[in-house]
Structure formats: C-alpha cells, structure tokens
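A, B and C label the chains in the order they appear, each numbered from 1.
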C-alpha cells in the first residue's frame, strides 16, 4: 500500500477547478517530483493534500485513510509536513523557536528530534538564538525544512525548495532532501528546476492543466523525448 | 526640592498611572490586531464592561458584609477578569467569528466592532443608568500614603494613593507574566508565531483556533484590569473607556501594531506626553525668577498645551505616527 | 459598452425591491406621524433629510471610492460652526473692540509660522539633509506654534472677556450652508492629502483621531464658536414659528407650517445633490471611480491618477457632510459643540449607508430615513416597554425601575448596534445593494 495516494483529485478555490483529476502515489522510500508548466496545478496539488483548498472530487488516501479536506492541525499529527515556497519561516522568532513551532502538535519530548535536525543542519545549531529573519536565503530554507521535520513526518512536502537560491545552494538543498529521504521520510516536491530534480526522483509526475500528462521514474521522464521537448525545454 | 516633589506628584505618579492603564489596554488591541488583523474598536467598552463587572462583584461582596482592608474592586479582580475573558470569548464567537468564517475583510470586522461598541454601551447604560458611580463600595476611601520628604529638605510630602500603589505592582506583575508567557510557554510562542505569519502557523499544525481563544482571554482579562484601574483612579461611568480608546490605539500604533512590548512602551510614552504637555512648567522653574532680570519673570502658566487639549495630544501623536511611520517605533506586524 | 451598462428591462427585481422598501418606509412615516403628530414627524423628516445628505456624502467616499472616513462628526461640526459664523447676527461689541485688530495680529503670526515651516522644509537646498532637516522642520513647527500662541492667547482671552465671541456676519442661512460646504472642502482637501495613502484600518483610526482634534478645537475656541456656552438662536432661511404666530397663526399650526417650509428647502437641496451624485455615478467619472475602488493596482497601471481621483471623492463627500451639518445646526437653532458624539454623528451615518446599501444612492437615502426613524422611535418604544416591565416588577414586589427616562434614551444606542450587526451578518450589501454593471 502506498504511503499517499491521490486518485483523480478535483479541486480549486471555489471558482472553476484548478485540478481536473490528479493521480499521484508515493511510497515511504520515494522521492516524488512534480513538474510542469506555470499554472499546471503543481503547487495547488500540494495545497490540496494539505487541506488548504477545497477538494471536490476524488480521494486522497494517507496511511489507508481518506484525508481530503482535513485541516493541517489534524494532518501534521498523522505524519504530513509541508514547506511552503515563500514566507516559510517565522522571521521574528529565533531559529530554535521556529523549530519548536514545528513540534507544536507533539506532546512528547522532542529534544531528540531537535538534535537530529541540528545534526542535519549544523549551521542552525550555531544560529539557534538568532531571529530567523536575519538568516540568508539558503539558511532560511534549512530552518523551514527543519521546522517541518520537527513533527517527525512520514511524508515531507516541499513547494519549490530551490526557488530563489544560488546554484551552489540548490545542489546543497537537493542533497539534503535525499539525505532526509534516506532517514525514512517520503518526499513529494514541486520543482521548477525540473531536469535537476527529476535526476534523483524515484517518481516523477508531469502535470499540465491540472491533469497528469506523464508519470514514471525521474530518469525515464528525462529520457522521454516528448517530455523533454514539451516540458524540459528541449 | 519642593519643585521636584511637585513634579513627582504631578507628572511621575499620574503619568505612571495613566501609562499603566494605556499599556494594559494597548496590549489587548495589539494582540488582537496581530492575531486577527483588525482594529478592535470595542476594546474600550470591553474595559468599561470589566470595570462594571468588578463593581457588581464588589458591591455584592460588600452587601454580604465582607469588608477587607483593600479596595474591594481589587479583591474581586481575579473573578472579574475571568468573567470578562468569558464575555470576550462570547463576543468573538457571536459577532466576529461568523464574519471571519465568511472570509470578511478586516474593515468589515472593524465596522462589526463598532456595532459591538454600541451594543455594550447601550446595555451598560440600560442596566446601570448613564450617571457616574463610585467603584469604592461600602464607604471605602482612597488611602493616601504621604512620604515625608523633610529629610531631603522638602516641605511637602510625595502623595500616592493606595490604589495607585497596587496598580503599579499589578501592572509590573502583569508585564512580567506576559513576557514569560510569550517567550517561555509553547502557546505564547505560538501566539507570536501566528502574529508573525498566520498562514505558516496554520501549516505548521498550530491550533490557530486555540491561539485565537487565548488571545481573547488575555485581551479580555487585561481590559478588565485596565478598566477597573481607570474606574478606581477616576470614576465609574458608561463611557469610561470609550473616551480613551483612541489614546490606547495611539499607544498600540506608536509601539507598532502587533507588537506586545511596543504597546507597553507606547502606553507610557503617550501617557507621559499627555501629562508633560499640560504640565505647568512655571511650577518647577519658579526659582529661576530669582535669577532672571526684572520684567522677565516667568508667566503664571507655562504649559505647552492648555489642559482642555490633554487628550488631543494623544490624537496628534497618533496622526503624526500614522503619517510618518505607520509601522510604529518598533517594526510592527503592519503587512 | 453602452449596451451592457444600459439599465435592464424596467420592472426588474432590484427596482421592485426598492419600490417596495420605499413604500414600506412611507407607511412607517405615516404611522409615526399619526401616533406622534404632524409637527413631530415633520421634525423627524427634516432631520432625516439632513442626515440623508450626509449619508450621500459618505456614500461618495465609501460606496464609490472605498475610502474609509470616521471623521464625519468633525465635518458636521465644521459645517455647523461655519454657518454660525456666516449667518448669526453681527456682534457689534466685537467689531467695535480691539478684537479684530488682535485677531489680525494672530493671523499675521499664523502666516509667519506657516512661512517658517515652509522655509524649514527647504533647508535641503542649503545642504541640510536627512535627520538634520527633520530636526529643523520640527523646530520650525515648534517655533511657529509658540509664535501663534503668543498672539492668539491674549486675543482669545480679550475677546472672551469683552465681546463674548466674534459673532456672525448676519448673512442668509443658505449662504451659511454653502460656506459650511466650502470650509469642509478645504479641510477635507488637507486631511485627504495627508492621510488617503494609508491602509483602510489605519485610515479609520487616523480620521477618527482628526475628528476628535476638530471637536476639541471647535469646543475650546470659545472666542470663535462660544464653545460649550453654545450659540442660539440661529436664524432660519424660512419663517420661524414665532414669525408665523406674529402673523396670527395658531401655535400648533405655526410649528407645522414653519417646519414644512424648512423641510421643503432641505428636500430641495437633497434632490439637487442626489441628481448630481446619481448622474456622476452613471457617467464616465463614476465608472472610473468604481474601477479604482475595485482594483487599485490595475487602475493605476492603466494610467489613472488614483490618489488624485480619491482626493476628489473625499472632498466632494465632505462638502455634502458640511452642508448637511450646517442644515442640522440651523434647524435645531442651536450650535452646541458638546452635543456632538461619535455615536450619533459618525457611527450612525455608517449604519445608514451599510444598511441602505453602500454604492447605491437610493439605498443610502432609504437607509438614512429608516435608521433615523428607528433611532428616534427607539426611545418612546423602550419607555413603553420599561413602563410595562416596571409595572410587572412593582406588582411582584421588586419595586419600580428607576430612571426610566434616561435609560430608555440609551435603548437607541443598543438598537443601532443590533441593526448594524444583523446587517453585516445577513445583508452585508444592504437593503438595496449596488447594481453592479459591467461595462
């Protein structure tokens, strides 16, 4: 049974639906990457899973349970986490407080998880007393991911984690994502840097106009001449 | 020396009293703005409501023959705070939450808060009449402590009333407690997080409905304290706090809306600006007359602003702040 | 474009709804008139007409332009004070004293102050910039304030102790009303210039602050407005009841006909304003205003002068408020600065516009009359309820309810709050909503 399975999801913000039947299935060991042109419904798919917009058709099964239209404060304890693309840190809170907010739904002792996050991002340990707003773009992305990992999720969703980062940081962030995946966290992410991201994706989904166009492993999709021509810029 | 004592009595003490009241009210306004993103105009009336609740409880206790050495309004304050907090929660659930659920704009909520203002004021006057009442029940009087200053060469004492003294202590306790809550407790941090970035707070799994409730509880109970203090310091009347809701907004805006510490600083800033503006400097500078040449004596009244314009000082500061630096002296949650 | 914006077929539902509501209001007016007497309903209707004019002003600002204005009370006071100055009889005691000369000196001091501030703002030309310039400007403001105070304080004290106040110019009240509109326009221009750039909620707080500043000034400038000592009796543009009585009319009739004539004048002004406002709304100017209200950014990117247009709206709306305030002050014959309250003179207007339907002039006029009548009759209705309750409580031994009169009067504040709450919850677009025409 997949960790998360979207079956023909339809949804939007009240007007015409933006998603017109999206199918996605991810195992715990997977890194799933959603790519596609602007307005294809990539970010919308993640938001639909996270209950941030109305799902009007289809099912979203997570751990065998339909979670469509559940709100984040119910989803986070179930093991879902989401890193939005923009404004994804609490700028006036310290780095450590940002991480604590990620553990808000946990009532157990999370100091070990915090150590785990600090081990993964040592620079955050150094700056843990600093307001997150003072950090660089790359470091903020780490705070955002660290915050999302504090709930010990089984599926981590990232919306364009590499957006706005310099090429050196892009590589670093992608490496970190793979490391997180090796620690047993399923990944589902949306990426603009399609070619780079698909290269390490075990599942790739090409979306257009709110529907699946192509599905396969990352390398398969890169190799597909039609995908390459229409969606990867030649 | 007497001039200094006069200054302490007239400016330092009354400024601190007013500042405490402004600060406690402004904290509520700033927290509500930070979490719910609207200007809560009914806050003044929430203060009045709290004061009347304290008044009713104090009267009831006095009627039962319970008289303590403290003003009864202070004795019943904890209960009054709880009741005001519950009413604040009820007002939110009844009037603001349905509009939020519909996705109403902040300005609609602002207008709704005007509706709440009218209803609270109307109800208070319907129930208690529109006259002025004393919150000192059963013949209590303001005890005045006179600190003899003859050791320092002063001929007059420093005067401070018992309620004023309790107010200072209470305000200090509340500020410390609020600081600890916001920086140490998980819920307090979540509150700061939500004021900082409400969408991310939701995505993080923070129980935003709980944070909203906590905000109303804090705002309501502090409003009760501020209103009771105001009633103890001045008098109890139905438009008690409606008249000072603007200076309180001024305090919150000067401190940066959404910024709790800013509200405290802003409260004292506005209070001292008002007090100093109407202060007659001649009283302090009179000794200079001995030094000044003949015909250059200080005028009898050397106040920057005539007394009747005292509240206007706050409005002027408010308007200037909004025009020059709407984010406040600390950067508030203005976006 | 013209085809799409042409009214839909004559007897469509918004029109029918509007007619029904106006018919219902007419019935209410007749009923209140029968219960309270003709003179009384004429009084209510005249004041409601004044409020309708003011509400139209707010509709221009909020309904057309989305501009938040909580300073209505301030403009009503400005209108009232202006009409006092123009239409109140000449106070010879003032003109024959040193007062005019001293005021002239104060005016000169004021001009010197303004010049000082203007000069200080230009110090960047001689290389003083940034914080230093700000400091110089602040210093100039302070100096200007001191200079002005040194002249105005003795002038004010002198006038107040000798002549009482400056009095009026003895001109026709209608000129006074127009002057009220003019002074409001000037004040609105400056308020708008400095504050319209603010976000809506900050604008609300800023304007309510400005309104309070205006109130404090008018209330305390005794030499100009007599402040809390009030000015009365204000002359009417039409014959007063006393005049009619002198001409041999009975007392009840004199009140009825005098008020009827005043009402006629007020309604005439309302109709003129309504037609002008309505035509402007339908024309290209109104279309542009709505475009700006509904989408600031795209309107700006299409090259519209957004701030300039908003300033126009703010000034036009405030003119109506000033005129309305002047009419109300003239009608009650007394100008009492302490009688102005945000509840009665700012928030009530908002309730009228929102309940009636922001953006729809018909709705706003309906709302104004309806709310004003509700406001007025809440008091006797509450008295009735209280008296019955009081009988009940005294019959079961709890004793009568004390102070029924003053309490019942407060019922209307509560009712106003309930009305606005219900309107926001169940009819946020008002009784007669704006008909959205897509051009």
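Throughout what follows, a contact is a pair of C-beta atoms (placed from the backbone, for glycine too) under 8 Å apart; a residue touches a chain by one contact, two chains touch by 3 or more.
All values derive from a computational prediction rather than experimental measurement.
Q: Enter the minimum step count from subunit A to subunit C; a value of 1 means the two chains touch.
A: 2
Q: Most remote chain relative to subunit A, going by C-alpha centroids?
A: Of all chains, C has its centre farthest from that of subunit A.
Q: If you tally contacting C-beta pairs, which comes out ahead, A-B or B-C? Let me know.
A: Counting C-beta pairs in contact, B-C comes out ahead.
Q: List the centre-to-centre spacing of subunit A and subunit C in whole Å, with centres computed as mean CA coordinates.
A: It comes to 55 Å between the two C-alpha centres.
Q: Mind checking the centre-to-centre distance between subunit B and subunit C? Centres are C-alpha means, answer in whole Å.
A: Each chain's C-alpha centroid was found; their separation is 30 Å.
Q: Whole-Å distance, subunit A centre to subunit B centre, using C-alpha means?
A: 45
Q: So which stretches of subunit B touch two or more other chains?
A: Residue numbers touching two or more other chains: none in subunit B.
Q: Would you give the residues of subunit C that are in contact with at least 2 other chains, written as numbers and ranges?
A: none
Q: Please set out, as single numbers or ranges, the residues of subunit A touching at least two other chains.
A: Within subunit A, no residue contacts more than one other chain.
Q: Show me the residue ranges of subunit B that touch subunit C in the complex, using the header's touch definition.
A: 38-39, 95, 98-99, 104, 106-108, 110-112, 114-123, 125-126, 129-131, 238, 246, 249-250, 253, 306, 308-309, 311-312, 315-316, 318-319, 322-323, 326
Q: Within their complex, state which residues of subunit B touch subunit A.
A: Per the stated touch rule, the residues are 186, 189-190, 192-193, 196-197, 199-208.
Q: Please name which positions on subunit A make contact with subunit B in the complex.
A: The contact residues of subunit A facing subunit B are 50, 52, 71-73, 75-77, 82, 84, 87-93, 97, 100-102, 104-105, 147-148, 151.
Q: With touch defined as at the start, can you tell me which subunit C residues reach subunit B in the complex?
A: 68, 194-195, 198-202, 204-206, 208-210, 212-213, 216-217, 219-220, 343, 347, 350, 354, 402-403, 406-407, 409-418, 420-421, 424-425, 428
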